[in-house]
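Everything below concerns the one structure shown next.
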Amino acid sequence: MKSVKVVGLLASPRRYGSSFKGLMLALKAAERFGAETEWYHLYQMDIKPCLGCVSEDIKACKYPCIIKDDMKKIYDALVNSDGFIIATPVYWYSPSGVMKNVIDRLTALENMIHIDGHSWLDGKVGGFIATGNDSGAMFAIAQLMSIMNSMGVVIPPWSMAYTNELGDPLENSAFVTDSLNVGRTVVMMIKAMRGEKVDRWYDPELYDWYEKELKEWLINLVKEEEAKAEKPWKDPNWLNSK
Amino acid sequence: MKSVKVVGLLASPRRYGSSFKGLMLALKAAERFGAETEWYHLYQMDIKPCLGCVSEDIKACKYPCIIKDDMKKIYDALVNSDGFIIATPVYWYSPSGVMKNVIDRLTALENMIHIDGHSWLDGKVGGFIATGNDSGAMFAIAQLMSIMNSMGVVIPPWSMAYTNELGDPLENSAFVTDSLNVGRTVVMMIKAMRGEKVDRWYDPELYDWYEKELKEWLINLVKEEEAKAEKPWKDPNWLNSK
Amino acid sequence: MKSVKVVGLLASPRRYGSSFKGLMLALKAAERFGAETEWYHLYQMDIKPCLGCVSEDIKACKYPCIIKDDMKKIYDALVNSDGFIIATPVYWYSPSGVMKNVIDRLTALENMIHIDGHSWLDGKVGGFIATGNDSGAMFAIAQLMSIMNSMGVVIPPWSMAYTNELGDPLENSAFVTDSLNVGRTVVMMIKAMRGEKVDRWYDPELYDWYEKELKEWLINLVKEEEAKAEKPWKDPNWLNSK
Amino acid sequence: MKSVKVVGLLASPRRYGSSFKGLMLALKAAERFGAETEWYHLYQMDIKPCLGCVSEDIKACKYPCIIKDDMKKIYDALVNSDGFIIATPVYWYSPSGVMKNVIDRLTALENMIHIDGHSWLDGKVGGFIATGNDSGAMFAIAQLMSIMNSMGVVIPPWSMAYTNELGDPLENSAFVTDSLNVGRTVVMMIKAMRGEKVDRWYDPELYDWYEKELKEWLINLVKEEEAKAEKPWKDPNWLNSK
């Protein structure tokens, strides 16, 4: 049986915050339903801003981008995947600037339509997690969905999870269940497109699985990650040293 | 073989304007790829605004809505469909108010999740056409996509067509090709979810089909419809008399 | 001294719900800082959808709209005002369909730019309140702001209040304070444009005023309004009988 | 008489493209109506992404940001200004990633509300230019407006200019006139808030001024800038070498 590959993109500076928690849940659920997963912490990568070459020459923008940096890893991971999950903090009602730079650079995959006739993201399946402590999550998700669909991405049912209030999102059972379902729905859609029947698209009972089998694991993982974090806000040279 | 049913919703006052043209193209393409289609002209129906019953009682909002009007026809058409295509003019960067009233009323299908455990739009496939003579089309489409996905709708690749400039959209080959592809991608996704292999999601050659087989038909249809239109802006009592 | 006139538009079916509460607070604050106020309950008015006449003839859309209905009252109130406050429930991340119909119809004031050279909303000052129990408030407010600014409206600092969670918004001190400040900032901007100095644009101490002088009044008002409400969801013929 | 200071932010990689043209027009108009101006080319500055310190401690985010880079120049320029104009390319219906990083970092000015009681952008006046060759400009502008207003910024009437089609925007008289008016309306609002009477907010006749006095100057400036540009898409090490 053909494997299912799902890539996670974490667009938060923290690998122990709310976006991280949502992404870990989504990827665990993706695995439970048969996917192989890998994920990237965008803030720890060297990804430069897009130079907008298409405005000079429609064919100038193509894979691999003329800028040589870690974006190559993201390009290759996405091209080799069947789907992906973006987890971003909500900064001012939108994805983080780091995520936006990655989006701008993804033009090199989408614009292959002008080189070999199809977007290299065509038919991939996308899921979206946006976390914040105030309003703006759906505004950010609407941006992500419309952008990704314009690049050829399939949006499966209920392909979103978000928070818009203070507090640990792991105490928010709707967020936990929705995050798990983001991972599940991405995999189910990949399978549906291969002819597998999907009985239902949203499974509220995944929360029970979280309580029984994931909760302790995730809380420990978050603690470990937080303990070894370089705490950038205490060491502002952190990013510079990358 | 199981049939494929696609419903069109026209949210423009005119059944001969840009949204109409886009919708006719999308439905023709849907038929070409195997769908049965039907469509509704929302402006000629009696559809009242949502009363927001969920804010009183989460279980008060369900199919059929307590308001007895033509929305029942839309509910039933969508429930019996495999997918739908919304064609709306861009009024102030958003769908028309008439379309927004329909969206608000669709809560009665989505909210069935609190009655029988699943949204009645769950797994339907959606496509979107937005026409205007200025900026705002993608803003309107991002609203439609994020809303419909929140109701359980699948968004297939390239599920959008739009105009943002003056002039006859039938002179705009990108719009024509995109509109045809909206119909095609909705049907392809319905079939993909039934196990049919999709080689590519966007077919630029549909434009040739339009030139050879659809153009004359559509131009004539538009003329006929315009000739028999009640020209509401010349008879402001048009709507009142409904 | 020239008077300051502020108009409130309530776009919720309920005149005792969250939008109503926010609007009453904003208008009370507007009065405290010198404004005369009046407000309209859009759901209890006969306001038909826009026919998009501009798409036929750029000069066909003008005050008064060819459709004869209660929109005339809104046109006249806004034209005679110095500013306005829109209070809408968040229905699917956007203003209600009833509000959207009013926005579409306001084209008749904005489009006067093609008749007598200026928008009749030019230089009016706008404030925005959006209430819901989930995400989407800022998405709705961004729509309102960008639309109104495109019609010539001034957006003063902090011109927004919203809720995005369940519960009585009067228990949410941020919402109460923000709503009061929406009324205050609209009036302050009107005065600033007349040469009055504004020391600060957001006054957190208005909450104390609410607790001391407004809370009891508002709770009673809400009770009275709720008692006499026609409870449309119990009588679905309510709207039909208008 | 107190001076009027307006800052321009160019968020395009090119200092000779559409955003540049719009910004130069807006700043020239601002000068004509009495402002001193300066502008920054964000792509040529070292501005790192926001670390989201507020999510750790609401008081951790303040001026000057813990990250030491060129953002300090932007902070100081804005704090010392009366208003600003953002000119960004439309990358995927949103401001460029570089602009988004600047927005995220501006939290350090806005969040001063938790340090000394008011946002340091409070009462500044903002204008917005977004240029692209496809749909999405108003989506980008709605993001900028709602974000900036949430930081305390005043949005004057008609505070926007945009393109959404291919071609030289200087051949687009609406864009030229709108860009000039962005500069004018920002200055007029600053003056209005100082008590000066504003007869009208949009001046269509500025286009004549452009034709007579600005066109040749601007075309030459663009040529000069393009000639000396480092053409990053021909030298992808350009950014790395900064």
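Chains here go by letter, A, B, C and D, matching the order in which they are written, and residues are numbered from 1 within each.
Here is the rule we use: a residue touches a chain if its C-beta (ideal position, glycine included) is under 8 Å from a C-beta of that chain, and two chains touch if they have at least 3 such contacts.
In this text, all values refer to a predicted model and were calculated from it rather than measured experimentally.
Colleague: What is the set of chains touching both chain C and chain D?
Modeller: A, B
Colleague: If I rank B-C and A-B by number of C-beta contact pairs, which comes first?
Modeller: B-C
Colleague: Would you mind reporting the rotation angle for the C-alpha fit of chain B onto chain D, rounded to the nearest 5 degrees?
Modeller: About 180 degrees, rounded to the nearest 5.
Colleague: What is the distance in Å between the mean C-alpha positions of chain B and chain D?
Modeller: 37
Colleague: Indicate the whole-number Å distance between the mean C-alpha point of chain A and the mean C-alpha point of chain B.
Modeller: Each chain reduced to its C-alpha mean, chain A and chain B end up 29 Å apart.
Colleague: Two-or-more-chain contact residues of chain C, please, as numbers and ranges.
Modeller: In chain C, residues 93, 138-139, 142-143, 146, 150 touch at least two other chains, as defined above.
Colleague: Chains as vertices, touching pairs as edges: which of line, ring, star, complete or other describes this one?
Modeller: Complete.
Colleague: Can you name the residues of chain D that touch chain C in the complex?
Modeller: 113, 117-119, 122-123, 138, 141-143, 145-146, 149-150, 152-160, 189, 192-196, 198, 200-202, 204
Colleague: Using the touch rule from the top, collect the residues of chain A that touch chain C in their complex.
Modeller: By the definition above, chain A touches chain C via 93, 134-139, 142, 162, 164-165.
Colleague: If you look only at chain C, which of its residues touch chain B in the complex?
Modeller: Going through chain C, the ones touching chain B are 12-14, 17-18, 43, 48-53, 55-56, 60, 66-69, 89, 91-98, 100-104, 107, 133, 139, 143, 146-147, 150, 232-233, 236, 239-240.
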